[in-house]
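Below, chain A partners chain B and then partners chain C, in two separate complexes.
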Partner chain A sequence: MESLSTDNEFENLYSYLKKISNRFVEEEDHLRIVVENEKLREVAEVLSKTEGVFLRTIAASDERSVNGFYKMYYVFGLDRIHRNIVVEVPLDAENPVIPSIADIVKAADWYEREAHDLIGIKFSGRILHRFVLPDDWPENVYPLRKDYTVQDLVKLYRPEIIAKAREVEAEAAIIIPIGPYHPALHEPEYFELYVRGEKVVGARYVGFMVHRGIEKLAESMKYDQVPFLAERICGICGYVHSTSYCQAVEKALKIHVPERAEYIRSIVLEIERIHSHLLWLGVALHLLGYDTGFMHVWRIREQVMILAEMLTGSRKTYGLNIVGGVRRDIDRDKVNKCVKVLDSIAKEFKEFVEIAMSVPQVKSRLRGTGLLPRNEAASLSLVGPTVRGSGIPRDVRRDYPYAAYKYIDFKPVVRTECDNMARTEVRVEEVFQSIELVKNFLDRLPGGGIAVDSWEPEPYRFGIGAVEAPRGEVIHVIVTGRYSPYRWRVRAPTYQNLPAVPIMLRDVDLADAPITIASIDPCFSCTDRALIINIEKSDVRDVPLVALSLKGSRLLR
Partner chain B sequence: MVKFVKVLPIAAKIGTVTIRYPYAKPIVTDSFRGAIEVDPSKCTGCGACTRICPPKALSLNIEGGTAILRYFVGRCIFCGMCADICPEKAIKITKEFELASEQVSDLYIDVEHEVVTCRKCGSKFVTSKLLNKVEQKLSEFSKELLSLCPRCRRVEMLSKQVYLR
Partner chain C sequence: MEIQRQVPVEIFSRKDLEKALQRIKKSIWVFHLNTGSCNGCDIEIIDVLTPWFDVERFGIKLVASPRHADVVLLTGPITIKTFPRLVKALRAVPRPRLVLAIGSCAVGGNIWFNSYATLGGFPNVIDKLNELGIVIDKIVYVPGCPARPEAIIYGVAVMLGLVEQKTRYKKVKA
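After this line comes the complex of A and B, so read on.
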């Protein structure tokens, strides 16, 4: 068997991990080791030095009421053998301190800062300032601790802005915030670009403007309500979140989803990818000033939206998943319609994309800009088309097969040029690949039920669910509770990929900064603003990103 | 020829795709899920839908002498879980989605139910329709006990047990 020989590859690592741990549990998809606080850095060092290991996510959890500890779960992935290594570290209930590993594993940076803010874990070896919570959040209130319910938190935290509104007697008025922190944008990210002349020399990112605390909210919802909440994490690729959540619960409770449901999930996941990649391409072309292309891509995309509605009942938030399966079946008639639409999209898109890629400003502004070297992509544990554009064939569908991907042969799309063009080409080719995948799945759609009849929750089981979203890996970690998830940790691909943007921005022309930021596909709104700080003149300008980018295209003409 | 000009014949062939909304009706497919409709004649006021509803758009409260199942379409996410779970099949998923209104009261739809009063403590605890239904299902069960609220019923049953001994 192939799995045996590849297992040997990590044999030394496995025996080392088992030896250093106090206790270990071996599951189908992961090895979980319980390690003492003092040994964490050594373990992290060994894992980070092993070729082919990357940090997938970190979850902090307040389990004082269950076992008397705070817990940190570090999830490392071994792509080649399709396994995870979960390092579990119990922390003292009175004084939860753990050594920082951010200097060893770069990707751990944000996770540690988030655990610090939300659960109050202290990290020795680094000083942390508030990152996720707003400035006016009360001191020593850690929202993800079990001491607080959602209702408590609503009472504890009254945003200063509400008091301000009262001061000017605007109680009944609606607050309209304007500026880079505008919460109405779908993902308000904010970059400070440091420039010398027209060249970007550095960048700083400020985020978490719209942290909504949904992990906490889910703890007060029932298992079958959470998929609908999960789906609303992202307005473009929400289905990946509800799938990840369901898979995590199913893994934790060992629920076996019927094969037909697995196929239906995969079909809808691929349809979501097609619409998302087409959406991205449209926005990218718009940023490059080729609005004709933008209109045509979105026209082609509209057929995908209608298709999704036909299959699921909704254009976007499909509402299809429940724990144990799916809610709607696909009949013969729908299969035939689906194949017909997909064939027409493939033909139209092929014809169009050849034209779009020959447009001079599109070609010249994508090629050679926003370089992300392979080694940097590897060390930051990046995911999705961002990492595949830098020559690393990481793809959850192949590396940690789930749903119906386990039944097919699958080869990730990879480019080695490491530039904006490479990432664009990966997405374009994936559109065609996804169309083929959906047709393949429809062809093999097995019979049977679409959901398990019933299942029983069992508290304090651990599960991981991961899905290859259009933007990269989405991973959910769950600790089950009696009626609701006890702890639900969500990690979206942009979380992992954003730290790569400052690297891509090094030495690019200012006008190419917007397309470079957009090249990781962070669901950017075109009205998001950048702040330009000119080092030589030390002046500060505030400009809409799209205006900045269009300037670059005009120079080419 | 410059290749990118080839987009022109495509544009000419496709023509205008934008629909003259709202003058031309937008197309929704047969599978589309919109707002729900509760059939008052079928609904028994059991409240199963209010417990599954993810955004809490449905609520069941006893106000005065009536139980009110309230549907607030402003919170509804059109998931249709209520229709899936309803034991009476009283909830229908419609294709309505153009629901904006100048009056917020238009967004609330109430289904009212008569409630039963506990013959001992006088509290209102269940809709009469649901109680009738339970009575039919549990024909061998004492009618006297059914007209008690859950708390009084427990006391009654326990005291009977003690008395038997």
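After this line comes the complex of A and C, so read on.
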């Protein structure tokens, strides 16, 4: 990593930021500046205009008991110099109002809605209704404020679910939607497509059915219990969440993880990526009606599951991470077996891809559909294979190297065609790349311990942990507490990528809609830690706005 | 618009259930219902249906509508938002209504047992379902986080009475 002084690409930006506020902290991986409320829009404007800066996440936090403020953390990433800029805005404890930046930085939209509902921060310049929580949630109760413990909330909120169930059943008219229970989707999620003839003119995502209150639960758990909670955010890419959480804590408390543990983490992360991409490819082929391919991919994938069980003790939800290292070692015997299995997977998969990708139906359905232009992908701060299929080489493994990726030379897979085929090719290519990476890591596996002996938590430190998940970048922001995390903010890749779906669906044939939605590899259990209703206003005119805003969440059918 | 939805609970005796189970021993159709699961169990269910475990050789088939289903495969801790849809889907299932609750979440809420946004597993909603006039004729719990494919197949076998049930579910007051 080059140091700041030798890199003058962003020097102007840095000097500007340091001029605007004299309260800043410079750390190894980020620059944290405290900005006054009035100057936020100006700073956001400058950051959004700078080439190569994108919004990674926003975290709102209730720190009244610490310093008497609510706080907003805006995390911007500078890919090329591997650093973050964290803009910190303290807000008045009595009346937390902050100017909205959603019109400057498009990607901020959802974050602001979520902060409004869960912490009760008001955004001037935007009218926000109840988006996140259920309809009958009590007024002026914000679950992520420190006034309430989980037990309080359970007592405070007694939902009238039986009445609600009767109401839903009595609804006479049903608009034919996709979801929430639909054979093509394996999770409760809901899309409404607006169609003119056979062309899709707009789409609306109404979801967040899988809100389980994770961030609040973590505040009542010990540091070492949270990785297991984090892993259960998602059953497909759970390990990235626990790794990301551990890295955030380690960064915040400056814990140095042994090299061997870093390698083991990377090996398991790559194995998870292989299984997830194979899973996605199977589902995508199934959506295209090529069920033979679906079955064959899943047959190949089963070997990866068995491999994961051998290395970690579980087929899924590995439970391998703790803060400061990992819990299980990999011995010589396992390394040899692992290499053998990987070789056989590579051979079988290569054979399979050659056949599957030459099927004319598959080719013609994928090529030219679901276009996501490069400039739109850049302005929405998209992540993962979705953005790499549009020609932007954004990959956390290269941009913000973590674990064992620090020690190797890594080149992300990029395609420039911007269509469904490009995103498929990126994933197929990444499977082979991951197999090579795992073999490389196994080969270089250093000796030594697998976890630090002991570490002491220190309250109110700030840390960012990011991992490249199969679907894109997962980023966790943590403010440490004395015994458990004070504030833990999770941002999953689908959260960032979903706003791209309406763009990709524009002028797509109805029959191609499912594969286009699937092409971002949506993972709703990750996203739905919070309940939000996203309404894509731009294209849809036929929907009455009143119904959307006030009764928005009731529109779920 | 007030629709009288209270359908009288039909009498469906133990004998009827046994008779019905006799009839559906082969080639059962299953419907997959995710009530806020993390996907772990769901991908294991698909695993069961694909070539490695291949339950289609027993005639077990995933169907798209609850109206066609013999057995409901239920995963997840049942979030408050999914409950109304769960009721709607379960009401569409014909009697005998058989539910296979898969994974620790469905069995007892798992790590979310005391969250403000979930109901904490299938046992907690049975009386609510009864109140709404939905009777579940037989429930089999398959624990595991995520439940293993072998366990899911075993669970179906227990459900149909092909193998003996080893343990029974006891509700413990926490």
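Throughout what follows, the second predicted complex is superposed on the first by the 490 of 557 C-alpha atoms of A that agree within 3 Å, B and C clash if a C-alpha of one lies under 4 Å from a C-alpha of the other, contacts with A are read in each partner's own complex, and residues count from 1 in each chain.
Keep this in mind: contacts are C-beta pairs under 8 Å (C-beta built on N, C-alpha and C of every residue); 3 or more make two chains touch, one makes a residue touch a chain.
Quantities reported herein were computed from a predicted structural model and do not represent experimental measurements.
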Under the stated touch criterion, which partner chain does A:352 make contact with: chain B (first), chain C (second), both, or neither? first
First (chain B), second (chain C), both or neither touched by A:299: both
More chain A residues touched by chain B or by chain C? C
Between chain B and chain C, whom does A:216 touch in the aligned arrangement: first, second, both, or neither? second
Per the contact definition in the header, classify A:224: touching chain B only (first), chain C only (second), both, or neither. first
Regarding the shared-chain residue A:328, is it in contact with chain B (first), chain C (second), both, or neither? first
Output check: A:312 vs chain B and chain C. Expected answer is one of first, second, both, neither. What do you get? first
Which of chain B and chain C A:288 touches, first, second, both or neither: neither
Can A:167 be said to touch chain B (first), chain C (second), both, or neither? second
I'd like to check the shared interface: which positions of chain A are touched by both chain B and chain C across the two complexes? 228-229, 296, 299, 302, 317
Would you mind writing out the residues of chain B in touch with chain A in their complex? 3-4, 6-7, 10-11, 14, 17, 27-33, 51-55, 77-81, 84
List the residues on chain A that touch chain C in their complex, please. 134, 143, 150-151, 153-154, 157, 159, 161-162, 164-170, 172, 180-183, 186-188, 208-214, 216-217, 228-229, 232-236, 238, 279, 282, 294-296, 298-299, 302, 305, 315-317, 523, 525, 531, 556
In the complex, go through chain C and note every residue touching chain A. 1, 3, 5, 32-44, 46-47, 50-52, 62-64, 76-77, 79-85, 87-89, 91, 110-112, 114-119, 128, 131-132, 145-146, 148
Chain B partner, complex, touching residues on chain A are 221-222, 224-226, 228-229, 292-293, 296, 299, 302, 306, 309-314, 317, 319, 327-328, 351-352, 354-356, 358-360
